[in-house]
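Two complexes, one shared chain (chain A), two partners (chain B, chain C).
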Partner chain A sequence: MPHQDTSTMTINDGDPLTILLCAPKHDLLTEYTSSLLQNLPDLGAPATPIVFEHPLRYDEVLTGLEIDSHTTDVTVVFCGHGAPSALLGPPKLRDPARGRNSYSSFFDISLWEYRPKFMLAFCCSAAEVLGEAYRLKSNDSAFVGFTTKIGIITVNGIYADYFKKLLHELAAAMLRHSDKDALEASITTTYKEAIKFFHKNENSYRYARAMKWYLLAQLKAVKSVRT
Partner chain B sequence: MSKAAPQRVTVEVSMSPSRVLIVDDEKPFLDRARSFFASRGYDVDVARTPELALPFLQEHAKSPKYRIVITDDNFDKLSKIKGHRFILDNKHLLGEAKPMIISGAEEPSGEILEELKAINCEYVEKNETLNAFLNELTKEDHENRNRELKNTVKDALQGVLPNLSVAAGGPAEVEDVIDSPESYAGRTFPEETHGALKRMVVNWLQSRGSLDEPVFFYGDHVYSANELIKQVEDETEIGREHIMMLLADFEYSQENKEDAPPRYLDDDDQ
Partner chain C sequence: MNRREKFESLLAYIADTPVSFAGVAIDDISEEDIQKEIKRAKAKQKNNPSLFSGDPDGFFTYDDPILAIAAYLYQGQSLMGDALGIAGEVGENLRNDSYWDWLQVAIHAYHSRNKKSYLTLMGMTPQEAVKIDKDVVRIAVTGDAGFSGQSQSNVLYKIRQRHQQHPFDLIVHLGDVYFSGHGKEFIDYLVAPFKAIGPRVLSLVGNHDLYFGGEGFISVLKALGQPGRYFSIETPHWRVACLDTALPAENLRRNWGLIDEGQMLWLDKQLEAADGKRTILMSHHFIISGWEKPSAALKRQLALRLDKVFSWYWGHEHVCATYDKEVLGCYGACVGNGSFLEVRQLPKRETQPEWYATGRCSCYEKKRDFWPHGYLELELHSRKVIETYHLETGEIRNRVLNA
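Showing the complex of A and B:
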């Protein structure tokens, strides 16, 4: 598994917190999304990037980094492909024509006992089942994800800047708010500010309008859970 | 990114009034007619006799406010003035308002009917026909109002936004979308509006340049503009979802008019 230095910092009543920035990198989308997690602004605890080009399971990450999820609060910020019940990794076999079913699973319900305390799933659909599992079966945890497929403009510059900002603010909100209404309000505010920017600057950036479309759709599909 | 400083442009669109004047001595009819027009979005003024209606018409002559003026022809004990006389004697006050007379027991002479026809005044019986006629009248007026609104908005926008046809796909597309605001708000709309929205998405994509560069990730694929255009034209699930996104865009723009972007396109945009 990719070797990364890791360290923990103590916050929230003395519980150590580890932040893992997880991004598969194996196609056009994930080349872009993995770059979004580079140089993410500080989230209040050291963050370890986990970029992987081959199938990798979340429990393998924990093992490799010697993290005990029962004694350490882990935050996962995931960026890549998603499915209703899984965060997806690189295909098991390199065959793009095989479609979604060929993707490996980075995290799914089978790894529930290792689940991170906080999960930001910036990918399609994971809120539908994974998010619901967090709502029904977790305690003192948070999940932010989307209930349907989402769109992204895969262009650098202002678009990447805003996606990075979004990722950072969603993750920070998830860590900051222990109240679910406050978390939801914070997420909504973040999206509305981004949408407003691209609306006002619709004629200044080539893909601003599509960016606005995708952000509006993301706002509609975003689901936050705080237990 | 644009080099020029963005300018804020305000477009004022003034519309002709949507008000009706009803003159009738029968209170039940007045109430019925008032409800009929109010339910179709009109404001209503009423008067029981031509004498009481005259000040309304005089006011209208100074500052037009009525689209339709309806009067009974007979006022029995309340007035000796016939409705058709009231209309003909005051036709100079009508302006653009459409007059209409509800017939009584005696029909006017052929000569008077000719005079009424000359000023485009309808003459109709007060029975079931009236309801059907009022429906037709308001439908025609509604279509006229819509046409007027579209032309007014188009003229206002075209004068200020030379690139509108590029941004929106053409005046016809703008017209189509404006045509069915109530349907659009409810998210079901006539086929021609759906077609217009589809064309607008395609036209916008085509205007982006770099048509083969994959930049639109959606679902599990990164589409180029050309690929996304195909999805929209073929109305695949992805294509239809992008058409709905344009609809959501319009809703957002309607709700956030104060944040409207300066409406121009810069060839050097990023």
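Showing the complex of A and C:
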């Protein structure tokens, strides 16, 4: 595996790297998570925000941006709702009576041929099936996601700052490390530092204690794949 | 802050934290549902202080299933911490951190419990009475006694001592095993300790007995060989109709009792049997109290039938008090002081008891004033009932009721 120099951000024989910051925006959670991707610190390559309020498929994004996933290494940083085998988008029909499982699919196994080389799925459960698919069926790729539901404190200020920091550091680690143990260690360190911060400052921030609980839960659930 | 305040503060904190979950529900209960349950529980606790029961510095519970489960877990964690020697702020933090995980699991389990079990239990109605063919029958009666601790041990010891001097034919528990009717609680806090005394044991259903579903109490019926969730005990001269006022209750908390239609038809048959036997009622819930507002619905159901009832014994309130016939319509007594800690208060309602236990609990090293624990020794003769109220203080109160 060639060394990945993030300052030039070309991977594998000089294929250009494109970073897509993808966030649906249709409910309380996704209003918040889409804002986390705004002004995300530099990841070493141009990043295109894709915020969508209506159902959208990943292959449509590629087509719209004229990206050929076979010749361009794409990194997707996704923030929103997830399911074991899909990154989810806004509901197909805006009808509350349809119940909770009416989300559209942004990316799932049916789009496997278009899959991004690097995927950070900051959402529930996608590591369970999508992550496994990356582990078993991809080559020279990376995936970071969660195996279960994750809770996110939807408050701005220090909490949003730390979520942004997490997103950035997880994405950077995914791009930086070609070794899976190094990737895993980096992710663990990132989370432990965040948990330590909120533990130390429990009396300084109202939701520090809860933030610590949810970060601990995320640390337990996070799964990284590096092939 | 006392333990209750710490618990309620933690519950409020969890309820008030603005959190969303980044996924879809894969079963009936989502994390959002759990969060909503916690918010509801916190609102209930804040708006209904009377739901609280017990010792704010020690063991306590609430007459609400989610609050009861949450309080149980919190106290369990505290005990674990004490046992492991994790004290002080470090212990507190560790407990609070893991408490959140456990609370989610418990609420999820509560909602996932087999609702069919309630239907099954509803159908467990008696085909025959428990018959005791003796001229004088002796029954030890205690309520809300399914709480493990020194107070339960003391009460059961008193019953055992008395049984060795003057054997009982039956022990009747008036319901409530703490904290939420989980299967293991029934084995550890009711079936095992009570059966160890010797006489046959029968148990009424209390509100706490159903918070985790019906499976727990169904296994109690099997373990005790009890005819049903309601049943009668028949002697040559008496019929003791033991009611289930918990399962048919109108709301999830089952705080106020009710009788279902099928059970009412059965009760009317008992009351109208015309075989010369007088009827005694036993139930978990009550229709009269010097302290708490009783169930209006249950009162409407039974008030007009009390002319056919000789005496009535109930639990639910953790006090020991007797009521005169003129006040209730029949002789009555609350015997809910079987084990739980409850702060003593003067009766404040219009319907005053004719007597209530004096003294205070000395089972634990507590500075607060708790009701003394005890049980009722009931002796059914051909033409009278002799009540002897045994209290841990050594106080003994007798009442002879002539038929």
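Keep in mind that, in the parts below, the second predicted complex is superposed on the first by the 209 of 227 C-alpha atoms of A that agree within 3 Å, B and C clash if a C-alpha of one lies under 4 Å from a C-alpha of the other, contacts with A are read in each partner's own complex, and residues count from 1 in each chain.
Assume a contact is a pair of C-beta atoms (placed from the backbone, for glycine too) under 8 Å apart; a residue touches a chain by one contact, two chains touch by 3 or more.
Remember, predicted model here, so these are calculated numbers, not experimental data.
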{"item": "Simultaneous placement of chain C and chain B on chain A, clash or fit", "value": "clash"}
{"item": "First (chain B), second (chain C), both or neither touched by A:G151", "value": "both"}
{"item": "Contacts of A:S204 with chain B and chain C, given as first, second, both or neither", "value": "first"}
{"item": "First (chain B), second (chain C), both or neither touched by A:L29", "value": "both"}
{"item": "Partner chain in contact with A:G80 - chain B first, chain C second, else both or neither", "value": "second"}
{"item": "Touching partner for A:M174 - first (chain B), second (chain C), both, neither", "value": "neither"}
{"item": "Touched partner set for A:W213, first chain B, second chain C, both or neither", "value": "both"}
{"item": "Which superposed partner A:C124 touches (first chain B, second chain C, both, neither)", "value": "both"}
{"item": "Touched partner set for A:I195, first chain B, second chain C, both or neither", "value": "first"}
{"item": "On chain A, positions contacted by chain B and by chain C", "value": "28-29, 32, 81, 100, 124, 149-155, 202, 207, 209-210, 212-214, 216-217"}
{"item": "Complex interface listing, chain A residues touching chain B", "value": "28-29, 32, 81, 99-100, 124, 149-155, 157-158, 195-196, 199-207, 209-210, 212-214, 216-217, 220"}
{"item": "Chain B residues within the chain A interface of the complex", "value": "1-2, 6, 167, 204, 208-209, 214-220, 222, 241-242, 245-246, 248-249, 252-253, 256, 259, 261-266, 269-270"}
{"item": "Chain A-touching residues of chain C, taken from the complex the two chains share", "value": "13-14, 17-26, 30-31, 93, 96-97, 100-101"}
{"item": "Chain C-facing residues of chain A, complex", "value": "27-29, 32-33, 80-84, 88, 100-101, 103, 122-125, 149-155, 202, 207, 209-210, 212-214, 216-217"}
